[in-house]
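What follows is a group of structures, each given as structure tokens.
The two complexes that follow have chain A in common; it is paired with chain B in the first and with chain C in the second.
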Partner chain A sequence: MEIKQTAVAGTLESSDIQIMLSKGNDGIQIDLESDVKKQFGDQIESVITETLKKFDIDNAKVKAVDKGALDCVIKARTIAVAQRALKTADQPAWEVL
Partner chain B sequence: MYESIIQLNLHDKKKRAEWMTFMKSLGIADFSDKEVDAIDFTLGMYDGDQLVGTGSASGNVLKYIGVCNKGVTQGSRFNAIINALTSRLYQDQVFHILVFTKLKYSESFQHLGFTELAHTELAAFLETGSPNLTDYLAELPKIDQPDRQKIAGIVMNANPFTNGHRFLVESAAKESDWVYVFVVSTDASLFTTQERVKLVKEGLSDLQNVMVVDGGAYMVSYATFPSYFLPSNVNNVTYQTMMDARIFRDQIAPALHIGTRYVGTEPLSKTTNIYNQTLLKELPPKVNVKEIQRNKNESGQYITATNVRRAIQEGDVTKVKDSLPTSTYQFIKDHLGILQSRIKKGMNIDGN
Partner chain C sequence: MKNSVNRELPDDLMKKLNYKDFETTDIGHPDIQRVAPKVHVTTGNDKVVDSIEDVVKKTVKDGMTISFHHHFRNGDFVFNKVMRIIIDLGIKDLTLAPSSLTGVMNDMVIEAIKKGTITNITSSGMRGSLGDFVSHGGLKNPVIFRSHGNRARAIEHGDIKIDVAFLGVPNADKLGNANGMQGDAVFGSLGYALMDAQYADRVVLLTDNIMPYPNTPASIKQTQVDYVVKVDKVGDPDKIGSGATRFTKDPKELKIASTVNDVIVNSPYFKDGFSFQTGSGGAALAVTRYLRQAMIDNKIKASFALGGITKPTTDLLDEGLVSRVMDVQDFDKGAAESMHTNPNQQEIDASWYADPDNKGAMVDQLDVVILSALEIDTGFNVNVMTGSDGVIRGAVGGHQDAATAKLTIISAPLVRGRIATVVPKVTTNVTPGDSVDVLVTEYGIAINPRRKDLQEAFANLPGVPVYTIEELQKMAEAKVGKPKPLEFTDRTVALVEYRDGSIIDAIHEVKD
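Our next item is the complex of A and B:
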């Protein structure tokens, strides 16, 4: 699916992750900032990528600022940002969960 | 401990005094109208009834950020304020955010996902969000095999485009294979950005190896550079131009393979003179700087956009006719009334 508008979900508070999703044309490009990037960077990126794939988003620029979020939080924020960017936030995609 | 973040109304004298006292305690003392009036909104963080943090935004630029870290984890209040500011801007659909700050705070911002674009020993310039510098550069027209070509760059505000600008571009176009002309995008001049870009394009349309492009957020005009956080003995212009020169040298020029930057000498404006001096000091050896002597019109006067703006104010454009390309002259004649009313409304015409 095509990204319709740039969107953001999440905060910069501890244990959260803030994700910005905008249009891209070269696959899913993730720019991740995290204190634990060395340890969990790959895992965080794969959760984001997998979740976006479920929305059929193949091209997007992702900017993520992680403050120690657990996988479930990363997934929730990714779902929120994807639905906002696709302008489908009024029809929650429960099945993605 | 309960902390809340609320909007501060700086038009309220009491609130403003409280805010100023707090900022002063953190070593910020410049509250000139020029800086404070530009603020769109200010947030304040309270611990009980004590102001412990604040931050403001002006357009997409974060300003006047300060927190007191007494008795709390280092960085937690800073994060909360930046989070509140950025969330608010994102809600307003502002997704590209800039900040100019003291060099020592650059790292704190990078920790929150900001990217440093340039720094001097005094200050750093950072951005976050989208579209960022990479996106901006990707949008610009590219040249095949750029490393084999002589590519030049010129930055101009062109308020409005004159034969002086034209002469500068012609000189560069003669000596290079390709020329990028960056038009400063900040909308703070007598002629709007759209008008300036249009007149530059029209005035150069016959030059095949010239590309007129939007300067984006990165050819920073004096208007966007806040300087309130600098010590008062520092020359603002020097600091601003140094930052501008470094962004060009480290980010723009390498991406576009620009080998030479052309500038016009400026016999009349002290500011532009300082700017050129800074470019000469900062850009080489990575980027050459070539100064082109400013040309004179047929009556032997230097061609400057300032004189053109004065003529508009006086309503006598014919006297600068020989300083202007036909397209610019025609535009001014057709829009004289609008331009004059902008000046009457307080648009400063003596700057750049």
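Our next item is the complex of A and C:
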């Protein structure tokens, strides 16, 4: 699916993650900031990538600022930002959940 | 080689620095020979000087050991004033041996290391940019971390031989009689600095408040002091301690605090004349509040409260619920003021507080202590020194010392953000599991299997589920996932002593 607009989801509160999704043309490129990058960086990036793939998003720029979010939060914020970027937020993609 | 708590120690450094491996928490009954300081005899009429620089030129030479106290915490002006002059005079190769290092000192310490002024450090801890700098290999020689009690022991043994102590005080007379209770920048107890005043070869007081002679009460005495330097300001009163102590509203912290209280109240130690230490921090302050109510309800009074003191503790003293406060440092203004007005709040030095090589220290008489943890592992070993990224960001403080108590409670959330507090193996072992009895989290408690008596006592407490510590560790891991192991180089950047002076763990340079 093609990204129609740059979108943001999430906050900078602790235990949350703020994700900005915009158009890209070289696969899914993630720029991750996180205090726990050393220990959980790979895991955070893989949750974001896998969730985007469920929306058939293969090319995107992702800017993620993590404040120690758990996987379930990362997944929820990724779903929200994907639907906003795809302009499908009025039709929640329940099957992705 | 590995020590008795299974930590790999650097053989070459251990040998070079003549260190022994940590073996046991049992101190035994050794015979100890203490050292005594040099005395430069004077009648005392020439001590007051206006220039720090003159005093530094007269006293500090290359290769010496200098010390400071950290009672001003982040309101300290003395450390930076003195170090600026020492650096600018081009003095080299000093050992810095303060009671601890606070954030306001970080930049100056880093500059002094880079310029070769400081080449060795021993401290209770370090945080922020300095911890980061050292963890990334910024200092050639390993930092030696010592608990407050162990620093007292090391000074008395001569392991730390202080050539010049620079001690900031909110008041002093012309001969050096001083205390921490009167003046602008008051901090209450001088507990840690009293060791330096007693054992340093040269004692330099810095004060912004010269009092008429003789100045009493004198915590530091004229018999110990070489120079009294008049400065503009020794500290910023607003940054010395937190102002009015506020109780936490965080439901997680309150849950932990009420569970800690349940554990104390249902332990065999909660009876008339018991003693306790709570420390600072949100949960610890809340514990004091719950404990107060439990003491009133059960008509129980404590014989003493110990350690770092806060206003909620001195309130208990005022109410008559605690007979004595044995005070080595004060964390807030209320506690500092109370020491001035209440004769039952006794100032104690670090040796009296916690030195293991003693004819009895206060911690040896302590019933209950509540301590914190950055990490605790399935062997009940506690890390209060390195963060989840392996970088130094803490302090031993009185942790190892107070864990000597009959009931040592570690209060900590199961996870902090995405970081598990209960882990399979702590990054740095500071306080060995043998001295820890109960872990309290917001989900429930775990009791050290060594303590069968406590397992029986806490088996059926309503609202306090008992888990094994392995179960709590798995619960944490299920929430946050399995972290990738931290990467370190082979280089040792710090050694952590146990309170008896043996080495309990080594801290390595982080790989970035």
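Assume the second predicted complex is superposed on the first by the 97 of 97 C-alpha atoms of A that agree within 3 Å, B and C clash if a C-alpha of one lies under 4 Å from a C-alpha of the other, contacts with A are read in each partner's own complex, and residues count from 1 in each chain.
The criterion applied here is as follows: contacts are C-beta pairs under 8 Å (C-beta built on N, C-alpha and C of every residue); 3 or more make two chains touch, one makes a residue touch a chain.
Being a predicted model, the structure only gives us computed values, none of them experimental.
After superposition on chain A, the partners chain B and chain C are accommodated together without colliding. In the superposition on chain A, A:Ser22 makes contact with chain B only, not with chain C. Seen from the Cα centre of chain A, chain B and chain C lie 80° apart once the structures are superposed, a value rounded to the nearest 10.
Of the two partner chains placed by superposition, only chain B is touched by A:Leu12; chain C is not.
Within the superposed three-chain model, A:Gln39 lies in touch with chain C and out of touch with chain B [touch as defined at top]. When the two structures are aligned on the shared chain, A:Gly68 is found in touch with chain C, with no touch to chain B.
In the overlay built on the shared chain, the residue A:Val96 is in contact with neither chain B nor chain C.
Following the chain A superposition, chain B and chain C show a smallest Cα-Cα distance of 7 angstrom.
Common to the chain B and chain C interfaces on chain A are residues 14, 35, 67.
Listing the residues of chain A that touch chain C in their complex gives 14-15, 35-36, 38-43, 67-71. The part of chain B that touches chain A in the complex is made up of residues 76, 79-80, 82-83, 86-87, 90, 93, 95, 110-113, 128-131, 135. Those residues of chain A lying in contact with chain B across their complex are 6, 8, 11-14, 18, 20, 22, 33, 35, 61, 63-65, 67. Chain C makes touch with chain A in their complex at residues 388-390, 416-419, 479-481, 483-484, 486-487.
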